[in-house]
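Down below are the structures I want you to see.
Shared chain: chain A. Partners: chain B in the first complex, chain C in the second.
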Partner chain A sequence: MSGTMLYQPGKTVLHRADARAKIVAILVVLALALTTTRVDVLVALTAVVVLGLAVLARITPASYAKALLLIIPLVLLLTLLQALVQGGPAIATLAGVPLSRSGVLLGLGIGMRLFAMGICFYGFSVTTSPSDIALALHKVGVPYKFAYLTSFAFRFLPLLQDEAKTLLTAMAVRGSAESSSRHPLRRGRAIVRMLFPMLAGSMKRSSEIALSMELRGYSLPGPRTFYRSATFRGSDAALVAGVLVLAAALLAMQWQLPAPFTEGA
Partner chain B sequence: MSHPDPVIEVVDVEHTYKGDTKALAGVDLTIGRGEFVAIIGKNGSGKTTLAKHFNGLLRPTNSGGAVRLHTGEGKTIDTRGSRLHHLAATVGYVFQNPDRQIFHDTCREELEYGPRNLGADPATLAHQVSETLELVGLEGRAEANPIHLSRGERQRLAIASTLVMGCDVAVVDEPTTGQDRAESRKILDSLAHHHAQGRTVVIISHDMALVAEYATRVIAMRRGHVLADGTPAQVFSQREVLQETNIRPPQAAVLAAEIGLPGALTVDQAVRSMRDALLPTSRTPVSPIGEVE
Partner chain C sequence: MSTPALAVSGLSVRYEGAERRALDEVAFEVAPGQIVGILGPTGAGKSTLLQCLSGVIPRHEDGAAMRGDIALFSRPLTDFAGLSDITETIGLVLQDPEVQLVNTVVREELVWGMENRGVPVPEIERRLSRAAELFGIGDLLDRFTHALSGGEKQRVVVASVFCLSPRIMLLDEPTSELDPAGTEGVMNAIRVLADEGVTVLVVEHKVEELAVYADRLIAMRQGRIEATGTPREVLMGTAAPDRPQVLDIALRLRELGHWESELPLSVPAAVTAWEAMTNTPHSDRNRT
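Moving on to the complex of A and B:
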């Protein structure tokens, strides 16, 4: 796999699952990730998400490891910032400035939160076709236009990724060492340089697509129908139940176990 | 075709994309310094895959395959062991869509980018840039934002931003797609000018009339193999072979061959051949058909 978030057809459990069940699963994981900053709970959550994707969708960590590596500098920066601004006992000193223990834990917690959510979204995007997303959203009551737009965003994302890759390659073939550098800061500079043209390009493209949709009768009045249908089966209910059990387990972990690494806990 | 002064050597190259699509199935060829090569073939025949091997954008997927570049300074570089930006000084590559490779606010900055990366002398850079802008017909647009250029102008800008680097070889993927005759000609003329300075140019094209007119060598691809390789006259005369890959030689060449005057590729050449055949006593000095290879 190339690491793109493009839908990859397959026949695994998650591929066959109803998109609504997967959306519920994502919302539960999101809720769990956003309501705690405890590193232990978030590590457990990430581990379950990684394991779940490996077992239910045969997505190995190798396929998204590259994307995670890109987040690491951000996580380190966050951790450093939190360590500097949070109070409490110090875990170490950096050039005479104390680094707060709770700040470090908070920063790492936020990092794990990003990991859990990112991997979860990746799994959803790779196993769910954009048209299934539109259908699912429409079925749960989202107006057609918004449902369609959401599926559109999922279709657009891989295109943007692809465009970014081409731009970086175009820089490299003109002798830029930055664009293929493994050094995150140097590569970051190439990425910043690429952002504006990419944004301008995608604005242009989206206005062209909007026009082409109008020209093919997109905004005509009348009820819209779907060619495909979605049925919520027993296995989908099982998936939702499984995620709820996971949520309960992690909440219990949060309440029953003391927070780790805290002094006097 | 062997060449006394090779610049790119492709040895038994195979390329299989992820998902088991075999795009190149064993290609051997040598491109000589100073050639103007056109790679032709229908969509999916492996043209772009082959061209992307010339500067390391792609590497052979078989262990025995190799692509070697011979630099002007007499060095030989294997693309497999080199980073992309190190190969950029030898082989420049222009992608099909200009909008995916232009990323500066002015044409001048766009052109300066490559040479700066290669460590160009700032004193001569300004001159180099204005000369190249003139070459592609964008003089006076140095401070213009590329967004405001026409599609054809952006294509020429993308080509200029590679030519300005002064690489030994310029590879240009479908330079004339979507352009009218006049615009296509401007693009090919700028490449021909680059070629006239002793540099090597490789284009991928579906426009057989332009290929016949500008290229000194044609490589026809089919299903990942080289189907025909030679001068335009040699390749376009193999009509049965070309039919297999849905390529029709330029209309002027087909017409000339049909009426028994093979060898002519362009309208001018066909007219000359006809004139020679019909008016053998004509006093106007015309070159014999055989001179057109």
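Moving on to the complex of A and C:
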């Protein structure tokens, strides 16, 4: 399976960066995105994230554009809902119903927030090996057994995808036109029909996987060794410092500059 | 026999709701360093037997009632604290390689079990390079586990259990997804391990391979051991569930009076015997 959100090995700055530095960077971006709904700040944040990924990890927007397209209907729905429920002057009317200007801005802000966070997570997951994530979490105090489960989740995703693909193929070869249809509604119906067998199969598999893990000493109480090591270097500190400077700049932008698109602005 | 690596007596298992026992009074011993092939049709109890020997039944299988005694190097299986504890001695390779790959990259898959056991890093590196060489997976180390072919997955799974350095290895159809070259590679690796003192029990349907590599065969049917002995003793007997095709051909030729020497269990042995009987080297016949 291709799994676009899965780790793709490489030798870029972000690939080589310590996972802890990247986790700090993500947390800073998340904090920034969640503490404002100002569209200008969120657009700036998204632009910096996109630029940062292009320069530091050679990840171009083309590689995640498909995933972003999937978010657009959600953003439009959110914007419409906010435009309908928020008060204030109307920006337009839809079938005689006024659409609130502040609601539209709020909806767009939430949409930009989703874009910024989504792109950031994408950049993190494709540049960080799952075992490095587990190791980083363990280094910051998470017990290994729990830290490992984050790494295991990345292994489980392709399994689920393969299972889904097998079930859809099985349905198609037995004459189900829905499972091979390109029509989203028909395809959706096939996916709903596939969910129960997929969940049942996953439950069975998870039991067998648990057994396999047990057979390889997952629950042994003794001290564990680590083949890979995590070293927090100067370049990682520089990455964290750079993200903090970005955060400071965006906070300054938020506090010092008047919000655009507001009444009288 | 010196202290057996495995000693089984009176072993019976019945799954919840089943009409008959999956294993019925099974008893045998295996000497250290032996390769024992387990043969039998589907439902003979081969996989259940491996699961009992590794402690999976009854510790991980609630719906199975087991009785009988199993000892690993004279230590009763019931003395081991848990499944993880048993696997210090025994390595089990399950039938489905997909559920045994629990990491995203092959290298991580191979080292993960060793890390759990606290194996020092230099030793991890030594075993890793040995496994890569023995199972021919050096070029797979940096590949994603989900992107491997079925045969590659199988080799990685067997190698990951080998890395744990168990004294006994139980392999449930380890070559079912391998081509002839891959099968030969895994069987050769098993032979090397046995020569180093590892005891190997392998459930396998490829009877031609077992005839060549196994020191002993156990033929099972409906939960019972039907025959046990050297490959020749078992495969020539009436209890053999399957026979190498080459042996059937030689038997037919003997009936027709065209085969005088010892009956072969493998194609190379048949070629050698035929050359001796006809006094014609295979290469010479190709030329004419």
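Definition applied: the second predicted complex is superposed on the first by the 212 of 265 C-alpha atoms of A that agree within 3 Å, B and C clash if a C-alpha of one lies under 4 Å from a C-alpha of the other, contacts with A are read in each partner's own complex, and residues count from 1 in each chain.
One rule holds for everything that comes next: contacts are C-beta pairs under 8 Å (C-beta built on N, C-alpha and C of every residue); 3 or more make two chains touch, one makes a residue touch a chain.
Because the structure is a prediction, the values reported are computed rather than measured.
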item: Partner chain(s) touched by A:Ala172 [first = chain B, second = chain C, both, neither]; value: first
item: Partner chain in contact with A:Pro197 - chain B first, chain C second, else both or neither; value: first
item: Which of chain B and chain C A:Arg216 touches, first, second, both or neither; value: second
item: Partner chain(s) touched by A:Tyr7 [first = chain B, second = chain C, both, neither]; value: second
item: Touched partner set for A:Ser180, first chain B, second chain C, both or neither; value: first
item: First, second, both or neither for A:Phe154, with chain B first and chain C second; value: second
item: Of chain B and chain C, the chain that contacts the larger number of chain A residues; value: C
item: First (chain B), second (chain C), both or neither touched by A:Arg224; value: second
item: Chain A-facing residues of chain B, complex; value: 18, 55, 57, 83-85, 88-89, 92-93, 95, 97, 99-103, 113-114, 117-118, 147, 161-162, 165
item: Touching residues on chain C, where the partner in the complex is chain A; value: 54, 56, 60, 82-85, 87, 91-92, 94, 96, 98-105, 108, 111-121, 124, 142, 144-147, 160-161, 164
item: Chain A residues touching chain C - in the complex, by the definition given at the top; value: 1, 3, 6-7, 9, 129-131, 151-152, 154-155, 158-159, 162, 205, 208-209, 211-220, 222-228
item: Complex contact set, residues of chain A against chain B; value: 2, 163, 166-167, 169-177, 179-180, 193-194, 196-197, 200-201
